[in-house]
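In order of appearance the chains are A, B, C, D, E and F, and numbering begins at 1 in each one.
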Amino acid sequence: MRILVVNPNTTSSMTDKIRDTALAVAAPGTEILALNPADGPVSIEGHYDEAMSLPGLLTETRKGVADGADAVVIACFDDSGLEACREMVDVPVLGICEAAMAAASMVGHGFSVVTTLPRATPIIEALALKYGYERHCRRVRAAAIPVLALEEDSKAAAEKVRAEVLAAIEEDGAEAVLLGCAGMTDLAAALSAETGVPVIDGVAAAVKFAEALVGLGLKTCKRGAYAPPRPKTYSGALAAFAPTGKTS
Amino acid sequence: MRILVVNPNTTSSMTDKIRDTALAVAAPGTEILALNPADGPVSIEGHYDEAMSLPGLLTETRKGVADGADAVVIACFDDSGLEACREMVDVPVLGICEAAMAAASMVGHGFSVVTTLPRATPIIEALALKYGYERHCRRVRAAAIPVLALEEDSKAAAEKVRAEVLAAIEEDGAEAVLLGCAGMTDLAAALSAETGVPVIDGVAAAVKFAEALVGLGLKTCKRGAYAPPRPKTYSGALAAFAPTGKTS
Amino acid sequence: MRILVVNPNTTSSMTDKIRDTALAVAAPGTEILALNPADGPVSIEGHYDEAMSLPGLLTETRKGVADGADAVVIACFDDSGLEACREMVDVPVLGICEAAMAAASMVGHGFSVVTTLPRATPIIEALALKYGYERHCRRVRAAAIPVLALEEDSKAAAEKVRAEVLAAIEEDGAEAVLLGCAGMTDLAAALSAETGVPVIDGVAAAVKFAEALVGLGLKTCKRGAYAPPRPKTYSGALAAFAPTGKTS
Amino acid sequence: MRILVVNPNTTSSMTDKIRDTALAVAAPGTEILALNPADGPVSIEGHYDEAMSLPGLLTETRKGVADGADAVVIACFDDSGLEACREMVDVPVLGICEAAMAAASMVGHGFSVVTTLPRATPIIEALALKYGYERHCRRVRAAAIPVLALEEDSKAAAEKVRAEVLAAIEEDGAEAVLLGCAGMTDLAAALSAETGVPVIDGVAAAVKFAEALVGLGLKTCKRGAYAPPRPKTYSGALAAFAPTGKTS
Amino acid sequence: MRILVVNPNTTSSMTDKIRDTALAVAAPGTEILALNPADGPVSIEGHYDEAMSLPGLLTETRKGVADGADAVVIACFDDSGLEACREMVDVPVLGICEAAMAAASMVGHGFSVVTTLPRATPIIEALALKYGYERHCRRVRAAAIPVLALEEDSKAAAEKVRAEVLAAIEEDGAEAVLLGCAGMTDLAAALSAETGVPVIDGVAAAVKFAEALVGLGLKTCKRGAYAPPRPKTYSGALAAFAPTGKTS
Amino acid sequence: MRILVVNPNTTSSMTDKIRDTALAVAAPGTEILALNPADGPVSIEGHYDEAMSLPGLLTETRKGVADGADAVVIACFDDSGLEACREMVDVPVLGICEAAMAAASMVGHGFSVVTTLPRATPIIEALALKYGYERHCRRVRAAAIPVLALEEDSKAAAEKVRAEVLAAIEEDGAEAVLLGCAGMTDLAAALSAETGVPVIDGVAAAVKFAEALVGLGLKTCKRGAYAPPRPKTYSGALAAFAPTGKTS
């Protein structure tokens, strides 16, 4: 099977890290196609950036599925555009926050999240509520680092993440800790080993759960909430991102 | 004061109706600037369309506030891009769903919503949960009409809306009924008069609440969730929608 | 339009402060009628006092609407008698807690409340739950001052309120702070200016939202929860507070 | 021990029925003092009536405890003035709705309530939320009878109650049915016998739970939410209902 | 009436303490039958122990009711096997956590629990959610003592419990404190007296509430959730615990 | 990897069906060990049966992991003994209800469950609440068939299940339907194909998610809620089910 992993920002070094993680956990026979759009922001830090990432993300998702992807992983912990992607394709689409929270709830009683900037906290709390994990999520902690610090000053950033992971275990009593940014994907293994508590990276979790859903033969239900977008005219610069044959 | 009312789709006849409603309720001294972006979908029916509307909506919001708007109303019942707009500007930003639900909770004990297509139902239910009205919202009903039917076949569409409004009152015991699409803005008065139950249009509600917030001297808090977007590079076609001086 | 603002306690100096605030935010053309009953407690600190304030509050509300008020504001942060007043009249009735929480949710992501005595905390928490703001309300803080200290020792009281407002911003991460007593109505502007965070007074918020509801032509739904009180006999001292012609 | 049972309306025939029920379930050694105030409404149907009943209820409660009552039962299914009474006295105070819901949750998995008029429905739903039974309460049904119909036309009223009890069992799958008005207190036994499902009268439940709390030596906690009312001036007609020595 | 109090572990000294408490609060005419099974763990500390206690608990419950018990109390704060017991018999069955939480909610506004080991915390939090007290329960505190320390080193254990009770009052603002283990049953009175805050032992509470339910003539509803177990074959060692005549 | 799939009842024909399903979805390289205990009930229909199944289930789980299982699936839709098993072993343990609900939430917006007898409904509703899916679960439907009817009269039973699946889609608007009993595991594929809506069998879902968790290197957190059972004496017949070396 082929799993499309879309990093919705335009930073290719982060895409490389995401690809490495995906490849490391992929089952034999799973092909990983990791990429990022050419259009959009270099990092996603807040709702505005998320909005600006969507046309690129949606286009890559549509193309990737047209080219044969069996499932899609959105590799941003905001789960940007999750529902929009589900409308657009019929293969399973998973967000990495969604997958990480599901995995955490299966191996520990309550979890905390360690993310980048404080502005991500309310976004992740809202996701926990949407998915139903509001009682399982003990705290969302911000390491106070911009997303790209994980690329540019990765040692210092990693140390800040580690400090919050330790605090989550000691202060929150977290029985699993989620790394709340796709750019932290390379830190999970060492932190799990050090702490003895499951430290979960959403990219890896989403790839494995995507394999599971494909293995189950499940597809996104196209009735109701995720029915295909209705054909219509899209104007101006956005028309370039619309499905072929649907714009005027 | 000047209130910017952005219809996030590109259908100008709907913008005209929205402007009429806004003007009809605006206080003396309130200037209404109602417009729609040139870029994006002709109507917003689901998450994909919402995503495609955001760059245009955000650009119009940024420009309108730079030109002196004291508050912004997003005239789509999905409250598209509400948090992203709040990040971008410091004046109050209101969604019409948010405003309508707030108004309804002040004049009746529980409300129902009548919207267009069934696919809007989960979106509006999610908004009710986000705003805290999940216990107040008795039911979201779909009249089974596409958004543009309200423009193109308005008589038949209005009759379907009316039937659901009556059902909301009789079957749900709704003590207020919200019209769940900006394109229904012209139907509220007659339905209120006919039923004796408050039938609330979000455009009108949002304009009046925006006046109230401006009158209170309140601005969007720029600490925390709605801090300004961080300066960064936006690439490709999206760069055209980014704030001046922030793109590479 | 005429807005009746009822301070449900009998302290006229507090009524004067409330009137000043209401007048300061009222739109041109809005007449403010601020008053307090002659019967009842000098301040409302807990459920017993609230109960003792209701006959006077209800009588003033009934009279004020009979004399032409277009909306009613209950100027006590317990929102005393809100539902009872809504039963009695058909114009919109707003509590200042309700209005302040609605305003806060429109300009910040989560809010805290600063009230007077600790005994008010569970009352305000219960209101947050009733209105649906239990997830938005981060904390209700008590400044540990009796209500009348705001009248009699206003400088010391104001300083205690200020300390809690600062703590709400720093410790709770509040993106809006509500002043949880009508007697604090004169403190909001300076605290907003000092902190840069919206500090919201419920009296002002309720007056502006009342203007908005009247401007929308909305009235309290008289079906269901707020149907008029049924005609019946009221005996003894309470008969004096009952609607004319309904008592035996 | 002595249990004070206050019917907060002024209809003595209802008080008689309530006394009969209380006496029927009281343990040997439990003295029942059932009474109603002279001041207030003949029945409580909605928030306004509840407000008008409080001064009388509070006065009877204060007097009864001063005269030696070991616990207080408020015999109205709205649990009128429950918190205010708890502030005023230090013996346990129980509402009949609270007691009935607690009993129901101990003998069945989910319950429904059968009350009088539809306007009582939102009041009882709000109580279920306050007490934490919102997931246990399947439905609040109104038999569409005024409270006093239970006195004046008791046969017809009883038949309507019975029909709703049967519907609660068949349609809601209720595993317990609460009689949602103190005036229905004489109907519980026959309906339990007929249906084989626990049909619970709150008056009886509250008397037995009051006995239990007294037997446990528990008193209302006077720290925090139920601290005694602060001494202060109560003016006008309400002063007559204030505690001796506290008014000016 | 006869109340069967089953300590589901096999430690008879704890059963003795439980019996003492039950006898101390039982009404004249209430016979207490306190016992523990011969099969199972010496203490219940977690889900595994709870599972291992169930066959013994169920057998004692079935026998005790067959021998005439009018109600059953399960004397473990995990409320082990509560629903299974309710299926098996038709008399009321009460857990001591359930009873203590119900009592606490009647005499204070919010409560905390003091239990033994940290591993009991999520179990008690889950019970609070199941019963609907999740908003009333401020915190579950662990005194970090094994269950049997209450038997073997009771002085030191009691002191640790006392420290947490004091912290619950001061730090959590608890208006009632529940002793979260049947082995603490002898500590409640002294702690109540010392603190002036209701310190509630579940064994006592459950005995009194069981008396109340029996006094009300209430039985467990045998329709729906608590219908009798269906006759079937139970094999192997478990067959010894199955109802006579039902196994193959 | 080796996945242990324990059917906690003693009906081997059901175990055979479960094994077939597990084998059908297992990845190459995954060994399936499907078995049932010799001790316990022939089917699990309610809390009593669940309790009687636990000693056998726990023993098989302990043995299977000691023999090298990398993950455990509990193949009963009540997720019997899930937390107890998690305490006992350190490999991931999944319930089939848990897995099915997680899968459903990834491919549709809201789901319904079709189970066997009405008595299973409250059990499954409680699981939905525990896992956080209470808002996603639209309805739990009972096909009114005993568990073993799926073995003995499988054609008639399958037809009843099918009717409820269709009703879930049409009446509840379910975008995924869960088969709420391990005995229905062979019906999922045909119902998915017929309806075009994901019809999800928990056995298959749990096997695939177990593979995913093992592939991620995740283990059950042994701090906190799932710490190993404390060594202690287990007496009587239950001692046979206790871990070697731990009983007296």
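In this section, a contact is a pair of C-beta atoms (placed from the backbone, for glycine too) under 8 Å apart; a residue touches a chain by one contact, two chains touch by 3 or more.
Please read these numbers as outputs of a predicted model, since none were measured by experiment.
J.: If every chain is reduced to the average of its C-alpha atoms, which one ends up farthest from subunit E?
T.: Farthest chain from subunit E, going by C-alpha centroids: B.
J.: Among all chains, whose Cα centre is located farthest from the one for subunit C?
T.: Most remote chain from subunit C, centroid-wise, comes out as F.
J.: Could you put a whole-Å number on the gap between the CA centroids of subunit B and subunit C?
T.: Taking the average C-alpha coordinate of subunit B and of subunit C, the gap between them is 28 Å.
J.: Need the CA-centroid distance for the pair subunit B / subunit E, whole Å please.
T.: The computed centroid separation for subunit B versus subunit E comes out at 53 Å.
J.: If a residue has to touch 2 or more other chains to count, which residues of subunit F qualify?
T.: Residues 109-110, 118, 122, 129, 135, 173, 224-225 of subunit F each touch two or more of the other chains.
J.: What topology does the chain contact graph adopt: line, ring, star, complete, or other?
T.: other
J.: Give every touching pair of chains, nothing left out.
T.: Those chain pairs satisfying the definition are A-B, A-C, A-E, A-F, B-C, B-D, B-F, C-D, C-E, D-E, D-F, E-F.
J.: Taking the complex as given, what residues does subunit F use to touch subunit B?
T.: Its residues touching subunit B are 109-110, 135, 173.
J.: Quick check on the complex: what are the subunit B residues that touch subunit A?
T.: Touch list, subunit B to subunit A: 10, 37-43, 45-52, 54-56, 58, 81, 83-84, 86-88, 118-119, 122-123, 126, 129-130, 146, 224-225, 227, 229-230, 232-242.
J.: Going by the contact rule at the top, pick out the subunit A residues touching subunit C in the complex.
T.: Checking each residue of subunit A against subunit C gives 118, 122, 129.
J.: Can you list the subunit D residues touching subunit E in their complex?
T.: Interface residues on the subunit D side: 25, 27-29, 92, 94, 98, 102-103, 105-110, 131-136, 169, 173, 175-176, 189, 192, 196-198, 200, 204-205, 208-209, 211-213, 215-226.
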